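Okay, so chain A shows up in both of these, paired with chain B first and chain C after.
Here is the complex of A and B:
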C-alpha cells in the first residue's frame, strides 16, 4: 500500500516531457526576460515617446491574438489529456484545432504588420517600434516553429503514437506551446497596455 | 579479400577534442580581453572616435587579433573530433556528422577574416582616414556576426545526433543538446545588427553581444568536456567489444576441439 502511494506520488510529481525541453524553455524565457528588462529600461528613459507610440498600436489585435493563443493552449491541454486517457481518436482532432489557432495567430500578426508598415511605421521609426517589431517578431518565429511542432505531433497522433504509456513527445510539444503562450501573455500588456 | 582494418587512434581524437577549449581560451583572452572586445567599441561611435580607439589601443589590438587568427583554426580541428564521435552514433555515412564538420570548418573563415580586418585597421590606423578605419571596423563585425547561420547548422547537427544516442547514459547529456537549440535561437536576432547602433540589438548590445556570444561559449565548452569524456568511453566500449569477440572466438574454438 505504501509502495502504491509512493509510486502514485512519484507519478504525480513527474516532469512533463523530457528534462532537456525544460532547459530550453528556461533559457529561452531568460533571453526574453533580458529583452523585457531592456524594454523597461529604455521606456524609463523616454516615457513620453513610448506612451505616444503605444497609443498607435491597435489593442484589438493584441486582445484577439491573446484569445487565439489561450484557445490553442486549451486545445493542446485537451490533446494531452486525451492521450493520458487513451482516447486516441480525440488526440489528432485537438492538435489540429490548436494548429489552426496557431495559423490564425500568424495571419492576424501578418495583417497587423502589413497595416503598420503601410502606414510608414517600421522598426527604424523609433526605439518603441524597434522593440515592438523585434519582440513580436521573435515571438512570431516561435509561433511558426510551434506550428511545425504541432503539425508533426498531429501527423504522429493520427497513427496513434501517443498513449497513456507513451506521451513524452506530446508533452514536450505542449510544454513548448504553453511557453509561447506565456511569453505572449507578458508581451501583450508590456507593449499594448502598459501606460 | 577482407579489407584491411586499422586500429583507431584515440589519442589523436582526444588531442583534437581538446582544441575546443584551446580555441575558447585563446579567443576569450586575446580577442576579448587583450583586444578590448569585452564589451567592444560601440556601433554608435563616429569615425573619429573609432580611429582614436585603434590608435590608443593599437598594440594590444594587433597582438590580440594576430593570435586570434591563429587560434581560430583550432575550432576546425575540434569540429573534426566532434564529427568523429558523432559518426559512432550516426554511422560512417552520417549526413549530420558531415554538416557538423563543414560547419565548424567554415565557421573559422569569418572569425579569421574578421580578425584579419581588425588587425589591418590596428596597423594602418595612423595613416588612414577615419572613415576608412570606421568602415574596416564595421566590416569585421558584419562578417563575424552575420555568418552565424553556418555555425547554426553545425550546432543543430550536433544537438540532433547526440539526442539520438540510445545509450543508457548518452555520450553527451540531453541538457547540452537542448542548450544547443537555445544557442541557435539566440543567434537569429543577430540579423538585426545592421539596423541598430544602440540598444540590445546593436553588435555591442545586451542581446546580440552578451547573450549570443556567451550562449555559444557555454555550448562549445560543454560539448568539449563531454566529447573528451566520450572518447574515453568509446575506447572502453571498443575494448569490451573486442574482448567479448575474442572470448566468443575462444569459446567456439574450444567447442570445435572438444
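Here is the complex of A and C:
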C-alpha cells in the first residue's frame, strides 16, 4: 500500500504551468543573482558611501512594498486553488485583489521615486543610487508586466476559463508573479537594510 | 474566514510576520551590523524558500527543478553574506 502511494506520489510530481515559463524564471533569477553579486562587490569598494546613501532610503516604503507583494502572491495562490477546486466565481475575485495589490506596489514605488528625484537624488548621484535605480527599475518593469498578466488572467477568468482540467494559463502567470515576489524579498534587504 | 484556514494562508502569515521582524526590528541600530546582516539574510533566504516551495509549488515539482531553485537560494544567500563579511564594517 505504502509503495503504491509513493509510486503515485512520484508520478504526480509536476511543474505548474509549462516548462518554458520555468526556464524563463530560472534565467531571470540567475540574471538578478549576478546583479546582487555585482552590487555587493561594488559595495566592498566603498562601504562608507553605500552606507551613507542607504540611510537616506525610507525602510517603511521597502517594508510596506514587501507586505503588498506577499499579499498579492497569496491572492494569486488562492485564485489557483479556486481553479483547482472548480470554484469558478472565486477565481476572478482573488485575481482582482492580486491585481489591486500590484497597482498599490506601483503607486508606492512611483511615490518613492518622485520623492527621491525631487530631493535631487538620481541615478547619476553615486554608485549606490546607480544600483538602486537600476535594480528597483528592472524589478518595477517586472511588476508592471505582472500587472498586465494579472489583468488578462482576470478577464479570462470572468468567463470561467480556468478550471481543474484547464489551469495551465493561470499557473504560468502565477509562477511568474511569485518570482517577482521572490526577487523583491532579496532586493529589499540588499538595498534598504544591509548596514 | 475559510480562506484563512487554508495551509497557504499560514505560509502567508509567516511571511508577513518575518517581514515585519526584519524591517522594523532587526534593522535597528541596537543590533551589531554583522548580527543584523546575517539574521536578515538568513530570514530572507527562508522567506524565498517558503515562496518557492509553497506558493510556486516546487515541493511537488520534479526533483531536478526543485534543486535548481534551492541552489539559487543557497548560492545567493552565501554570496551576499560571504562578500558582506569581507567588508571592513564586518
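Here is the rule we go by: the second predicted complex is superposed on the first by the 184 of 195 C-alpha atoms of A that agree within 3 Å, B and C clash if a C-alpha of one lies under 4 Å from a C-alpha of the other, contacts with A are read in each partner's own complex, and residues count from 1 in each chain.
Quick note on the criterion: contacts are C-beta pairs under 8 Å (C-beta built on N, C-alpha and C of every residue); 3 or more make two chains touch, one makes a residue touch a chain.
Bear in mind that the values here come from a model prediction, so they are computed numbers and not experimental data.
Partners chain B and chain C fit side by side in the overlay (superposition on chain A). Touch criterion not met for A:58: it reaches neither chain B nor chain C.
With both structures placed on the common chain, the touch criterion links A:182 to chain C but leaves chain B unconnected.
Using the contact criterion defined above for the overlaid structures, shared-chain residue A:28 touches chain B, although it does not reach chain C. Looking at the superposed arrangement, the partner reaching more residues of chain A, out of chain B and chain C, is C.
Judged by the touch definition given at the top, the superposed model places A:71 against chain C, while chain B stays out of reach.
Once chain A of one complex is fitted onto chain A of the other, the partner contacts of A:20 are limited to chain B, with no touch recorded for chain C. Measuring from the middle, so to speak, at the Cα centre of chain A, the directions to chain B and chain C differ by 120 degrees in steps of 10. Superposition on the common chain places the nearest Cα atoms of chain B and chain C 14 Å from each other. Taken together, the two complexes place no residue of chain A in contact with both chain B and chain C. On the chain A side of its complex with chain B, the touching residues are 18-21, 23-24, 27-28, 31, 34-35, 38, 42, 123-124, 127, 130, 134, 138, 141. Taken together, the chain B residues at the contact with chain A in this complex read 163, 174-175, 177-179, 181-182, 185-186, 188-189, 192, 195-196, 199-201, 206-207, 211, 215. Listed in rising order, the residues of chain A touching chain C in the complex are 12-16, 22, 26, 29-30, 33, 36-37, 40-41, 43-44, 47, 51, 59-60, 62-63, 66-67, 70-71, 73-74, 76-78, 81, 174-175, 178-179, 181-182, 185-186, 188-190, 192-195.
For chain C in complex with chain A, the residues that touch the partner chain are 3, 6, 8-9, 12, 15-16, 19-20, 22-24, 26-27, 29, 33, 36-37, 40-41, 44, 47-48, 51-52, 54-57, 60-63, 65, 68-69, 72, 75-76, 79-80, 83-84, 86-89.
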